[in-house]
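As written, the chain order gives the labels A, B and C, with residue 1 at the start of each chain.
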Amino acid sequence: MNDTSAYQPYVEASWGLMNHWYPALFSHELGDDGLVGLQIAGVPILLRRLGGNVHALRDECVHRGVKLSLQPTCLTADTVTCWYHGFTYRLADGQLSAIAVSPEDPLIGTVGLQTYPVVERNGLVYVFVGDADYGAPPPLEADLPPLVDRSHRHWSPHVLDDDAVVLGIRRRVQSNWRLGCENGFDPGHIFIHRNTTLVRVQGWNLPLGMRPVGQTAVSWLENDGDGPHGVRNEFGTDAYLPVNEHEELGLEPLGDGVPAGSRTSMWMPCCLQVENFPQRGLAQFEFYVPVDDQTHDYWELIVAHCPTDADRARFQRDYDDIWEPLGIYGFNDCDIFAREAMEPFYRHGGGFPAEVLCATDVMTVAWRQLVSRHNRGVARPGRPVAPDPVPPPSYRPAS
Amino acid sequence: MNDTSAYQPYVEASWGLMNHWYPALFSHELGDDGLVGLQIAGVPILLRRLGGNVHALRDECVHRGVKLSLQPTCLTADTVTCWYHGFTYRLADGQLSAIAVSPEDPLIGTVGLQTYPVVERNGLVYVFVGDADYGAPPPLEADLPPLVDRSHRHWSPHVLDDDAVVLGIRRRVQSNWRLGCENGFDPGHIFIHRNTTLVRVQGWNLPLGMRPVGQTAVSWLENDGDGPHGVRNEFGTDAYLPVNEHEELGLEPLGDGVPAGSRTSMWMPCCLQVENFPQRGLAQFEFYVPVDDQTHDYWELIVAHCPTDADRARFQRDYDDIWEPLGIYGFNDCDIFAREAMEPFYRHGGGFPAEVLCATDVMTVAWRQLVSRHNRGVARPGRPVAPDPVPPPSYRPAS
Amino acid sequence: MNDTSAYQPYVEASWGLMNHWYPALFSHELGDDGLVGLQIAGVPILLRRLGGNVHALRDECVHRGVKLSLQPTCLTADTVTCWYHGFTYRLADGQLSAIAVSPEDPLIGTVGLQTYPVVERNGLVYVFVGDADYGAPPPLEADLPPLVDRSHRHWSPHVLDDDAVVLGIRRRVQSNWRLGCENGFDPGHIFIHRNTTLVRVQGWNLPLGMRPVGQTAVSWLENDGDGPHGVRNEFGTDAYLPVNEHEELGLEPLGDGVPAGSRTSMWMPCCLQVENFPQRGLAQFEFYVPVDDQTHDYWELIVAHCPTDADRARFQRDYDDIWEPLGIYGFNDCDIFAREAMEPFYRHGGGFPAEVLCATDVMTVAWRQLVSRHNRGVARPGRPVAPDPVPPPSYRPAS
């Protein structure tokens, strides 16, 4: 049995982390006057768009606990009403402002639904999933990779960049969110990708794995404030040696080059940044958003810098014809397979004391320690949480 | 967290109440010489009709615990035999009278299956689901609403009336039985019905809700003996004010009249009586019969006074063309939706301390207190109980 | 409540027995160069055929716990490699010999997967499912019925005989493995078979049941060494009286003869031998191999003595046309029905204290005591075990 005390809070975070920003929806999923219910880290959340702004409330009527989103009912511009007894809540602060069936009820004005801060940027709606007594939320930027100057040699587009176009999908995966993070960030897992079409048509020499050499292979990217906090694999430096072949196992290089400037970093609460991937000048962002303790929503986003309409049109075409079929699906399907294959072993946390880590797992341990040190709270749903019925498990933007 | 101590037995009655009468089958479901297995409050029950009489035994062979109803085997007129080893039980008292594979077994005559009293009235088979050591059962009338004189201004037909015709269906609902009772009896829940076709074609002005005013809104209808024990919403008196509109929420009256003489009462163990509904002179009876702790069988019955064959034919036609499609399904589908929506919140009792009740819930609290005071026992299945495989979830009488 | 202390280890063996031989696959299911994953007694096992030999390893990579069999990967002749990070294990001893993504990893040579002894005989692959610290395994013969001399009056073919041909199927049954053993060995359970086509076309007078008389009805067949250990119903002796009719229940004999020399014995860990069945000169062997605590793999094998090719061809024809449709399916389907009917009552062991045994159950009690006395360990999976996805639930040899 392993000693897991160096990252015990991480081991206990089956349901995810509280008091962090998470992507919740693609903007196009929440139309004008739209209302959608979803679940993050066991918290039922209702999103309501009105006049361009998106509001988030707890999706559970205080009265009898039903989800308001099961039958969206909006009777006035600034409220949302429960379909069951007409409990009506103000979008602005969640306060109970009226009860249709009991107009002068003493409850009115004394209770309410928790609200959650929302930010919408470049086609994504982010929600701050906070405890009721958590103070002012940090900015969204504290829970995403930091922006770097365009002149930096590793620059690649960022989901918050002004001219960024963000295209991608979200899928429901049957594994704990931590297995998503650990698979995505793992420099050894590329072994499962080596025969994918994406790798082969580009003639990449995707290594079998990346061997960390010394202590500088993984950079701790911590911040004095709320964040961002991340760990990065320093590919392309002396700290990592690519394993290009394995004679004993008969594994030879399959191609010539590797994507230049590509490296991976993992950011709290659950964001993987892959710079200069799937080709130089693009970036892949992934999120592994906890739904419940056995399920996460897998966000796969490709980001491009598109200052002109022509750039946007070209990127959309490339995304549709190349990156989505060969990357998002063909390449990343292998990752979903791996995470779901790990799930039974790690179910209810059983795998952490039983696993046997190897040399390339130094970054996994670093990530676990980072989360244990900087998380703003561990999610602990008090009641059994039902599966999130809406929205359907997979979305992609209309092209 | 709420203090639930005022109705703690109710909170613990996830599996239902013991030592009460429950409807078990429509008479037409149990043909001559028929045998059917079902489950009430976690108790597996076998019903056997013979010579016009219906017998009920525990549907679990004492030997290896299989359900006799899985392969009905009746070798003599007054016994039922287990298909597995031929354990043969007397219908009259459940005693083990023979074992086909072991004719002189010392067990014979020393053990048996519990039997349950049965009464059949107006097309319904009722079973008294009692503990083995419970004494003489009270009459069926103790567990149904009381009969009232036909001259009473609120008179409407009763399932036990001499000339009553009872038509309806039974459906399996995925919620605890208590959520069925509470939804059906709730004077506020009519908010979910206001746009149904039944309401609109009749031009009713179904209120948004009914506001209780003072302590007389809910009558406690208790009995010195075994029962009946019920609580009634005194609609049509000064104790209830209909909420016809809600200006702030833009909700206006939709019709003109309301069904005259309509009021609702809830009777132990699980019967809702809606007098003069779905129209004056008819009555709707509903039962929310516990199957297990997450499922109930929902009985929806319309009762008419039909002294002549012509009356019966007319009622059958109205039932087929109007009351079943518009009422039983169209109107009450909303109730099933509401109960199943509440289920995750109340699963394993978690909702009782967490809910926030409002003014119209005084009748819900009264019902919980009534059950806590007068129940004859709380069901506590000792072993895990398998889902009831037969009969299929929905039945309706052949028309 | 019964006192189960006379066979407490049996009551605790929900997941099966450890350190015993079990049939794992039909030989034809594991082709040249084949690799298959399966689960026995909660243990995930990978079988790999190479150069005529079959190797068995724990099917769970030490690293992140995934099943190697999910994506079979064999890069060298004497190893199996995990598809995820290339952890490579020697077939001979399970030692970790290489890691594709981390060639000089300090783990190499220090850890490994447990291996399991394998024996292949007459078309069946047997695996010894042992604890890691269990010493040298006993021979396969210790976990099968003993061979008897061909001159013995009860002789019938044995799965280990030199000229034996073994034909049959395997099916997944939704019941605990002990219910399989107890149903198969029960002299009273033949009541469920009496109306099957197999019985009727042969004109057998299958008794209603077999009544044990005195203490010699069940023979304890124990061995000073590791085994075999069994219990046998001494049908055909004075110790058993067939129950041919039951006047009170109107049950009469249906035929004339009975299969001569037929008797049943139950062998640890889970083998039923039915000598001279389904006809004189044949034998039926059954195994009830635990998968998890609610599921077993049911092996149904008919064995014939076939010294010549003509004998083999004739047996194959009879098997295809008669024994499989009428016996394996028609006759034994009733047994599966009975076991699955018992499962809810015995779930989590609840039935053992609650059952009421009768006179014919002396052999059931003898079997429980035998297992309690001679088992080499009770399976206790430390972690939740996922359902075994491969192979599919039912196989039969190509005819």
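Quick note on the criterion: contacts are C-beta pairs under 8 Å (C-beta built on N, C-alpha and C of every residue); 3 or more make two chains touch, one makes a residue touch a chain.
Values in this document were obtained by computation on a predicted structure and should not be read as measured data.
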| item | value |
| --- | --- |
| For subunit B placed onto subunit C, the superposition rotation in degrees, Cα atoms, nearest 5 | 120 |
| Proportion of interface numbers common to subunit A and subunit C (over half same, under half different) | different |
| Cα-centroid distance, subunit A relative to subunit C, in whole angstrom | 47 |
| Touching two or more other chains - residues of subunit B | none |
| Subunit B to subunit C touching residues, read off their complex | 60, 62-67, 70-71, 75-76, 81, 83-88, 98-107, 111, 382-386 |
| Footprint of subunit C on subunit A - complex, ascending | 187-192, 208-211, 243, 246, 248-251, 337-338, 341-342, 344-348, 350-351, 354-360 |
